[in-house]
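Both of the next two complexes hold subunit A, though its partner changes from subunit B to subunit C.
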Partner chain A sequence: MTGLVLSDLARSILHGLGITLLLTLSGSALAFVCAFVFGLGRISRWRSVRIFSIVYIEIFRGTSVFVQVFWLYYALPAFGLLLSPLFAGILGLGLNVGAYGAEVVRSAVQATGQDQYEACYALNLTRYQSYRYIILPQAFPRMLPVFGNNMVELMKASSIVSLISLADITFQAQQFRIRTGETFLPFAATLIVYFLLYLGILALVQAAMRASGPKSMKV
Partner chain B sequence: MTWDNHFIILILPRLMKGLQITLIATLCSFALAASLGLVIAILEKTTRGIVHFCVSGIAHFIRGTPLLVQLFFLYYLLPYANITLPALACGIAGLGIHYATYLSNVYRSGIEAIPALQWEACTSCNLTRFQTWRYIILPQAIRPVIPVIGNYFIALIKETPLLSSISVMDMMGEASIFGDMHYRYLEPITMVGVLFLVIGLLARGAMILVTTSLSAFRLRYGKPDNGPKISEYSIEMDSFRDTVL
Partner chain C sequence: MTSMEPVFTPDPMIAISDVSRAFKGTTVLDHLSLDIPAGQKVALLGPSGSGKTTILRILMTLETIDSGQILIEGVPMYDTASGTPHLLPENRLRPVRSRIGMVFQHFGLFPHLSVLDNIAFPQIFNGRARKADAKARAHDLLKTVGLGDKAYLLPDQLSGGQKQRVAIARALALQPDILLFDEPTSALDPQRVSEVLDIFNMIADTTGTTMLLVTHEMEFARRFADRILFFDHGQIVEDGPPEIVFTNPKDARTRAFLGLPSLNA
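Here is the complex of A and B:
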């Protein structure tokens, strides 16, 4: 009997793990793109781009990710845009964490010394060249640890998609609780799986830091 | 379906009722987080061996797992331990404990920024451990991290809608109930978002006031500010290094 219950639990959590991983990875990819686009947009030469980026960052940092995901899922249909729960989840998580990441990109780029910009200017590099070859390679290792923390936040926030009926780990745990009446088992297992994901992300970021570290030191 | 202003007037009283709950939850859980976080930070600093391992391990575990699952855990499992709390108290406990683990990191970097000289001076003045912490270490450790604590306060405000998932009738709870009743979600959820934006801006304004008045106070009464500068960024760096290395 217990064996059956345990294998049922393992199966449902594995099912949920797929969704959680999918959400975390694609949400992070979207957040990564948003972070660079709006982080660099915020210090752009063009006023309109700057204002647009600031509005985006303030709106998504100013409200809760929970409200954002709910808004995308429940309120957008009013404008004729019906998103699937998965898409709403990825979009909400990615845009939210992207706004936090944009601030990280901005501060890391601005922390690059003024002399670097002057050197670019002296070498007559174009703006694209100086960002691509001089500024960003130096700023990137500085962003990585904070990106890692942001990714952990995203992974944790992904549990809220269970409330818009997406079958991630948390949702599966709830279903299991309703199905079997067991309470401790599903939630304890869920917490442990999330903690393992957390450790996995930390290891991933550490590997990325190791890969990007020495290259930037070489001058 | 388009935006309906009439509908706003209908939900506003309910949202205001929810706002009270949101504010109560925010303030209580922040008080819990600030005090428990300090306890964790001091425990991490003063204990060795197995106790230290347990304290920081539990803190890491709480920091690494989603608040939502922790809330479910508390809400569904406390009754089995013969503790029946109202949903709001349960939510406050969950939020408070979760943020305590974040704030303990903040306090810790404040404590670690204090030069060893200060500890040695306490020893040579023959202060007891309590006196050392109470009069020398904590006042110097906490003041520079107050802006960072403020940032976490704002982050905590934005986590409160999660409490609606354990049936706390905060703003989000009221909005979704209302949405379910009328099958209209656009206005309620948008209003909740706008209200959170306003609350967040107010909180940030209050934080700027606190920070500037603190530095004005220091300029007028204290020594010139040569103390350590601690930013959220450096704390994140530290906590990350700690976890990984």
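Here is the complex of A and C:
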């Protein structure tokens, strides 16, 4: 009996883990892209790009990720846009965390000393060359720890997709509880799995920090 | 005098023409005009806030001017058609700016790149050299400034004087016609100052580069320059060879700055 229950639980959680991992990794990838696009857009030379970036950042930081995912999944169909739960989940999580990431990119870039910009200019580097090879490589290591925190937040927030019928870990744990009446086991398992995911993200960030330390440039 | 042949007068390397600049209402440069012929070694002296560093930053186009014009060998940096000067668009300014190099007071080395890459990188991205040639040239320049064995260190592993020599090598690698130095001796131990002077003289002798430097050190200026400009309140109050400016300046402010007795005393 207990053995059956445990293997049922393990199967459920593993199924859910796949969805949670997919959401976390895809959402983080989208957030990463948004962070750079809108973080640099926020300090663009072009006013329209700056305004667009600020509007995106403030809307997604100023409303809850919960409401954003609900909007994408339940409200957009009213405008003729029907998203799959998975796509709505990735989009909602990625756009939300991307808005926080954009501020991280902006502040890390702006924290780079004025002397670096002036040296680039005096050496006749183009704006692209300056950012790509001088400013961003110095700013990136400053972003990583905060990106790591954001990724953890995204992973934890991913549990809300259980409310748009995506079978992630939280959803599976709920189902298991309803099916078997067990409460302690599924939620203990959920707790442990989320914590292991957290440790995984920590290790990922530390590896990235090691890889992005100062070293000779490869042109 | 009797000849009717036109006399060929080359454009000065730098022509500053009636330039004014104010920051938040404070006049930093006040209708300043100045010609500097090619190959001249000029030291800009004067009290803090007298506008001498601003001149360097304006030549590097890190700052702009409120009125006037600047020409580099006859080529303007500003479009003055509308009455007020506007810096030329980047595509037209680049060829002019690329003739000018600057060594900053705090060097502005790129901390994430090796000493070698600091020097090789700008050459590659200016299209001056391919990677292998740029690195070879960087090695040569490092040997020239006496840092041949530091190529693979990071800038933060160097002393202030060594950083400065890397910054000089980095600017030289782009073969500028004009080199600007902002307070080149301020970060150095006094005993290192003559080393820097040797490097400057070597640059002048081997490349004929026009050099402008801002300094507070009279002795350094005297030994380096063919021409001393003494600034006060955004104007040049003394202009001449060091032996004249330092021993018998005309201007009362220069005399006061140098601790010389007043002329009409």
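Brief remarks follow.
Criterion: the second predicted complex is superposed on the first by the 214 of 219 C-alpha atoms of A that agree within 3 Å, B and C clash if a C-alpha of one lies under 4 Å from a C-alpha of the other, contacts with A are read in each partner's own complex, and residues count from 1 in each chain.
One rule holds in what follows: a residue touches a chain if its C-beta (ideal position, glycine included) is under 8 Å from a C-beta of that chain, and two chains touch if they have at least 3 such contacts.
From a predicted model like this one, the values you see are computed outputs, not experimental measurements.
Within the superposed three-chain model, A:133 lies in touch with subunit C and out of touch with subunit B [touch as defined at top].
Residue contacts after overlaying the shared chain place A:7 against neither subunit B nor subunit C. Of the two partner chains, neither subunit B nor subunit C is touched by A:110. Of the two partner chains placed by the overlay, neither subunit B nor subunit C lies in contact with A:84.
Between subunit B and subunit C, it is B that contacts the larger number of residues in subunit A. In the superposed model, A:190 lies in contact with subunit B only, and not with subunit C.
In the superposition on chain A, contact is made by A:198 with subunit B only, not with subunit C.
Within subunit A, not a single residue is touched by subunit B in the first complex and by subunit C in the second. Against subunit B, in their complex, subunit A makes its touches with residues 59, 62-68, 70-71, 74-75, 78, 107, 145-146, 148-149, 152, 155-160, 162-163, 170, 173-174, 177, 183-184, 187-188, 190-191, 194-195, 198-199, 202-203, 205-206.
In the complex of the two chains, the subunit A residues touching subunit C come out as 115-116, 118-119, 121-126, 129, 133-134, 137-138, 214-217, 219. Listing the residues of subunit B that touch subunit A in their complex gives 1-2, 61, 64-70, 72-73, 76-77, 80, 158-162, 165, 172, 176, 179, 184-186, 189-190, 192-193, 196-197, 200-201, 233, 236-237, 239-241, 243-244.
Every residue of subunit C that touches subunit A in the complex is listed here, in rising order: 60-62, 94, 97-98, 100-102, 104, 106-114, 116-117, 120-122, 124-126, 131, 152, 154, 170-171, 174.
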